[in-house]
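Following are the structures in question.
Okay, so chain A shows up in both of these, paired with chain B first and chain C after.
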Partner chain A sequence: MPKILVVDDEPDVVKLVEFRMQKEGFEVLTAGDGRTGLGILETEKPDLIILDIMMPLMDGMEVLRQIRAHRASARVPVIMLTAKTASVTVDEARQLWVSDYVMKPFDPEKLVAKVKKALKLPA
Partner chain B sequence: MAQAETIRFEIQRYKRPVDVFENDLVARLPGLLITQFQVPIIEHPDGIGGMLALRFDFTEEWYSVIAFLNNDKSPAGHYRITAQSPLREERNLCKTSDLVLGMEVRPNSNYIITGEEEFCAAVEEGWMRVYAAANAREALRKLSAMLDEGRLPQEVMDAVCG
Partner chain C sequence: MTIPRKELSRLHEISELFSASSELTELVDKIAGAGTAIANADACWLALKVDPNDPLEHAATCNLATKSARMLSDDIAAWLPEMTPDTDHPLILTDLKRKDALGKVAAAEGYSSAVLVPITYNKSLTGIFVVFWKEAGEPPVEAVELLLLVAHLASGAIANARLIAQARHRSAALDVIFNVTQTIGASPRIQQALNVILDEANRLFGTTQGNIRLVDPKSKLLEIRAHKGLSRITLKYMQDRPGKKSLSGWVVKNGKPVIIRDVKTDPLTAHFHGNPDPVSSMMSVPLVVGSKTIGVLTIGSHEHREFSQEDLSLLLSLGSQAAIVIENARLYEQAKSRLAEQKALYGIAEHLSSTLDVPTLLKFVINHLSAFFHANFGTLRLLDEGGATLMTGAMYGITDEYIRHANENLEMSLDPSTAQGQSPAAACLREGRLVAISNIAKDRRFAEWRKIAKMQSFTSVVCVPLVPSNEPLGVISLYFQDARKLAPEELELLQTAARASAIALQRAMLDERLLKEEVSRRALEEVSHLKTEFVSLVSHELRTPLTSIQGYIRLILAGHTGGLDPVQQDFLNAVNRNTDRLVALVDDLLDISRIESGRLELLLEPLDITETIVNEIEAHRSQFEGKGIGVTTDIQTGLPRVKADSHRLGQIIANLVSNAIKYSGEGTSVKVTVGQIGQNVLVKVIDSGIGIAPEERNRLFERFYRGDNDLVRATYGTGLGLAITHHLVDMHGGKIWVESEKGHGSTFSFSIPAIPNG
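Moving on, here comes the complex of A and B:
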C-alpha cells in the first residue's frame, strides 16, 4: 500500500486529503507544519509527499529544500498544494523536482489523479 | 491488580538494527509520553543496572530523557539524554530515530557529551539529515545550558522530584 505524507497547516485541508487518499487505499501520514513533516521523515519513508507552500514556522519551499537535501528522500515525488502562483516559486520548485501542482481551492478528484500519475498507478 | 498499559517503541539507530522494546505507560500528557522500565542488570553492570527508570519522550522536542531512580523511587541523580526525532505515537506504537548525540548526567551534576565521532560519521555518510543534525545539536545546546544552571526540563523535574 503506497504511503503518502500530507503536510499542510490547514486542518480541514489535511482531513479532506487524508479522507480522500484513504478511500483510494493509500496509507496516509499527516503533519500540520513543515517541521513536523520533516520529523516524520526521520522514521517514515513515504512514497509521495503532498506539500503546502504557504505555512507558518517553515514554508513549503524550505521544507522541499530539506527533503531534496537528503538521499533518502531526494527522489520522492512531491505534489505542491498551494494558492501561491508566483512564477519565481514555480521556477524554484521545478528545480527541486516537484512532480506536479494543485491550486487551492482544489478538486479532490484531480488531486487523486495527479497522485496516481506521480506514483505511476493506473487512473 | 490491573496490568499496566504497555507502549511499544521502535527506534532507528545508526549502524544498528531497529531497537524494539516495550515500556509501561506512566502518563500521556500533551506533547509528552512518560514510560517506565527496569534497567537490565546484565547490560549495565555500572550501578544503574536493576534500577527503575523513567523515560520522557517529547512529541515536539528533539530529545528524550531517561531518569534513573533508587529503590525508594527517589532520583538517583543519574540521567541519560539522547538527541532523537520528535516522537510519533500511533495506537501505543512509538517511533523515533536516535540521532546519536547524547549526554550522561552524573549524580554530582557533571555531564559528558557522548557520540560526537559517530554523530559526525552519520552526517558525513548521509545517514542523518542535515536538518535533523542541526536540531540534535540545538537540543543538546539547550539542555547543556539548562544543566549549567542546575536544571532539567520542567516536566522531568516535576515527575522525578514530585
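Moving on, here comes the complex of A and C:
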C-alpha cells in the first residue's frame, strides 16, 4: 500500500487531502509545518510527498531542498501545492525535480489523478 | 503635457549638461546631440543667428554630413519657411520629396520626415533646430514636445554662453587699457605731474605764481588742483568763486587763451582789486581734450611783463601736456572701476551658470547685487503662477524683526488700484523696464508708496525686471537709505546682471519643476506598487479559505461522504458554482493587478498549441453540453510550435471559449479553427451568439467594460477577462481582434508568433 506524506500549514487542507487519499486506499502521514515533515522523513520512507509552497517558518522550497539533500528521500516524487502568486519559484522547483504542481484551490479528484500518475498507478 | 519618466530624467540630465558648458562652440554640439537623442531621431542640424538682424548660420550637426550642413546653410532662404518666434510652433514636414536644399539633403541621406523647431530669445528668432527621421510618417507628438523643451533649455543656455563670452571679452579689452594708462600716468603721480608742469611754466617764463584749475565733471565747477606762490587769502578767494565769473571761468567758457598785460586795467581782472598777492601780468590757457575744455592753466608775475603770442603758444603746449596727464589719469580711474565691475559681473555670470538650486540662486543674486551696488537692502520677488502677485523669493539686509513687522509686504499685489500695485516694483513689471527713483519723496508717480517708503526708511530705489526670454519672472529691487542716483553705466551693468540672473533662474526653475515631476511620479509608482502588494496579499488570504471550501464541497459532491438527496445535491451545486465564481474573481483581480504593475512573468517554452486547445475544449465539455451547444474544431495539420507560457495560453483560450458559451443561445454551435498565416499561428473562436454592436467593439478589451444588453447583464462576469486576455496575447507578441455583427455571432481571433521550423 503506497504511503503518502502531506505537508501543509492549513489543518483543513491537510485533513481534506488525508481523507481523499485514504479513500483511495493510501496510507497517509501528515505534518503541519516543514520541520515536522522533515522529522517524519528521518524514520519513514513515503512513496510520495504532497508539499505546500507557502508556509510560515520554513517555506516549501526550503523543505524541498532539504528533502533532495538527503539520500533516502532524494528521489521521492514530490507534488507541490502552489498558490498562483508563487510563479517565480517554479524555475527552481524544476531543477529540484518536482513531479507535478497543483494550483490552489484545487479539485480533489484532479489531485488524485496526479498522485496516481506520479506513482505510475492506473487511473 | 505629461513627460514619460525616462524622458524626464533625460531632460534633467540635458539641463545639467547645458549649464555645464559656457563655451558656445561646445554648447551647440551638445544641443544638437541631446536633441537628436531625446527625440529618438536620426540626425539634426542647428543654425543660429550671431545678431538678431543677421541671417541664420550653420552652428552644429549631429549625424549629418558636412556637405549637407553646408547645403542647408548656403541655401537657407530658399527652403526655410517663415518661422513665427512668438508662438513657439514647430513645423512638421512629413514629405521631404522637394527640389530645394532640404529635399536634396533628405534624399542624399535617406531621411523621410523632419521637424523644424524655432529657438527664440527675447521674442525673436535666434536659431532653428532641424531634426530628421529615416522612418516615414508623422514623428511622435511626445518627441516634438520634448524637442520644444530642449529648444527652450537651449535658448537660455545659448544666451547665457554669449553673455559670458561678452563679459570675458570686455574685461579682456579693459585689462589692456588699464595696463597702458597705468604705464603712462598712474594715479598717484597726477599731482606730481601737475606740480611739475606748473613749476616748468614758471621757470620758463620767469614768473612767480600760477595755478591749475579743473572742471569737475559732475558739478561743472572749477577746482584748484595745483598752485604756486599764492597766499592763503587768494586761494580762499578763488575757492569761493568756483563759477564762470573769474578769469579761469572766462577761459573755460570761451575755450581761448588770454594774455593780461596789466591786471589793474584789464576788464577780465577788474575783480582782482584788493588782492593781497601782488600780480601785474598774467597768461591763462585752456586745457583741452578733444573738443572739451577740462581746465585752465594760469601763471602770473608781480612785475609787469610784455607776454608775446609766442609765449602764449608755449604755455598752450604745456597745457596740452597737462591735459594728457589728466585725461590719462581719468581713463585709468575709469578703467579701474569698470574693470572691477566687469570682473564682478563675470564672476556672477559664471557662478549663476553653475547653480541649479533655485533658493541658493535667489540668495546669491540678491546678496551679490545688493552688495555690489552698496544697497542697504534688496528684495528679489517672483511672479506667482497666475501672474497677479509677487512673492518674495530672497532678501538682503532685512532683519527678521523687520520681516515680522512688514509681513504683508512679502506678498505683493500687482493690481494698480491698490497701494502695493502702485509700488516701483509693480510699475517696473507692468512697464517691463528698469525704474530708478533717486528720491521717492519727490517723485509724483509714487505718492501712494511714500508712506511705506518712510516706514521702511529708504529714499532711493531701483527696480529691474527679470526677463529671461519673453515673459518676466519677477523683479529685483535695490533700496538705498540715502538719496542715490545710479550712473548710466551702473544701470546698464545692473540690467546685464539682471538678464544673466533671469536666464539662470529660469533654467533652475525648469530644472526644479522637472525634478518635482519626477518625485511625484516616483510617489505614484510607490502607491501603485503598494496597491499591487495589497492585491497580492488579499488574494492569497482569500485563496486559503477558498481552497478548503471548494475542496470539501467537491468531496461531498463526488459522493465520498455518502449519497445526497436531489435537493442537497442541487444546493451544493449552487455553493460550488458560486465558489468557482469567487475563485475566478480573485484570479482575475490578481492577474490585472500584476499585468498593470508589469510584474506578470511568462514562462515561455515551445508548445504544441493544438494540444492546449483540445485540452481547453475538453475542460469546457460539460458547459457546452449544459447549454446544448455543439462544438467543432478545424485544426490544420503540421502546424509549427509556438513559444508560450502553457498556463497563460490555456487561460487565453479558456477565456474565449467560455465567452462563446456564455453569449450563445441554446442549441447553437461554436467552431474553433487553428491555422498558419505567415509566421504566425492563428486561432479563431467562432460563435453564432448575440454578436457585438460596432460601438462596443472598440471598448471590449478595456478593463471592467461589459456590453450593454440584457444577456450580458444576466451573465456573470467581472469585465476583466478580455482585458487580461488582450494583455496576455500582447505579452506573447501576438494580436487579438474581433469581427462581429449584432445578432449574427462573433469571431474572436488571435495570432501568436510561430517558432521558425518548429
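The definition used in the following text is that the second predicted complex is superposed on the first by the 119 of 123 C-alpha atoms of A that agree within 3 Å, B and C clash if a C-alpha of one lies under 4 Å from a C-alpha of the other, contacts with A are read in each partner's own complex, and residues count from 1 in each chain.
Just so it is clear, contacts are C-beta pairs under 8 Å (C-beta built on N, C-alpha and C of every residue); 3 or more make two chains touch, one makes a residue touch a chain.
It should be emphasised that the depicted structure is a prediction, and the values quoted were computed from it without experimental measurement.
K.L.:
Just from the overlay, do chain B and chain C fit on chain A, or is there a clash?
P.N.:
Partners fit side by side after overlay.
K.L.:
Based on the superposed arrangement, let me know which partner A:Gly25 touches: chain B (first), chain C (second), both, or neither?
P.N.:
Neither partner.
K.L.:
Could you say whether A:Pro122 touches chain B, chain C, both of them, or neither, answering first, second, both or neither?
P.N.:
It touches nothing on chain B or chain C.
K.L.:
How wide is the angle at the Cα centre of chain A, looking out to the Cα centres of chain B and chain C, in steps of 10 degrees?
P.N.:
The C-alpha centres give an angle of about 110 degrees at chain A.
K.L.:
For A:Asp107, is the partner it touches chain B (first), chain C (second), both, or none of the two (neither)?
P.N.:
second
K.L.:
Residues of chain A touched by chain B versus by chain C: which partner has the larger set?
P.N.:
C
K.L.:
Just chain B (first), just chain C (second), both, or neither: which does A:Val13 touch?
P.N.:
So A:Val13 only meets chain C here.
K.L.:
Is A:Leu38 touching anything from chain B or chain C once the two structures are fitted on A? First, second, both or neither.
P.N.:
first
K.L.:
Closest Cα approach between chain B and chain C after superposing, in Å?
P.N.:
Taking the overlay as described at the top, chain B lies 25 Å from chain C at its nearest C-alpha.
K.L.:
Give me the intersection of chain A's contacts with chain B and its contacts with chain C, in residue numbers.
P.N.:
Chain A residues touching both partners: none found.
K.L.:
Which of the residues in chain C end up touching chain A in this complex?
P.N.:
Residues 536, 539-540, 543-544, 546-552, 554-555, 558, 560, 579, 583, 587, 590, 601, 603 of chain C touch chain A in their complex.
K.L.:
In the complex formed with chain A, which residues of chain B make contact?
P.N.:
For chain B paired with chain A, touching residues are 10, 12, 60, 85-86, 88, 95-97, 126, 129-132.
K.L.:
Under the touch definition given earlier, write down the residues of chain A that touch chain C in their complex.
P.N.:
Touching chain C: residues 10, 12-13, 16, 19-20, 23, 54, 83-85, 87-88, 90-91, 104-109 of chain A.
K.L.:
Which bits of chain A are touching chain B when the two form their complex?
P.N.:
Those in contact with chain B are residues 36, 38-44, 66, 69-72.
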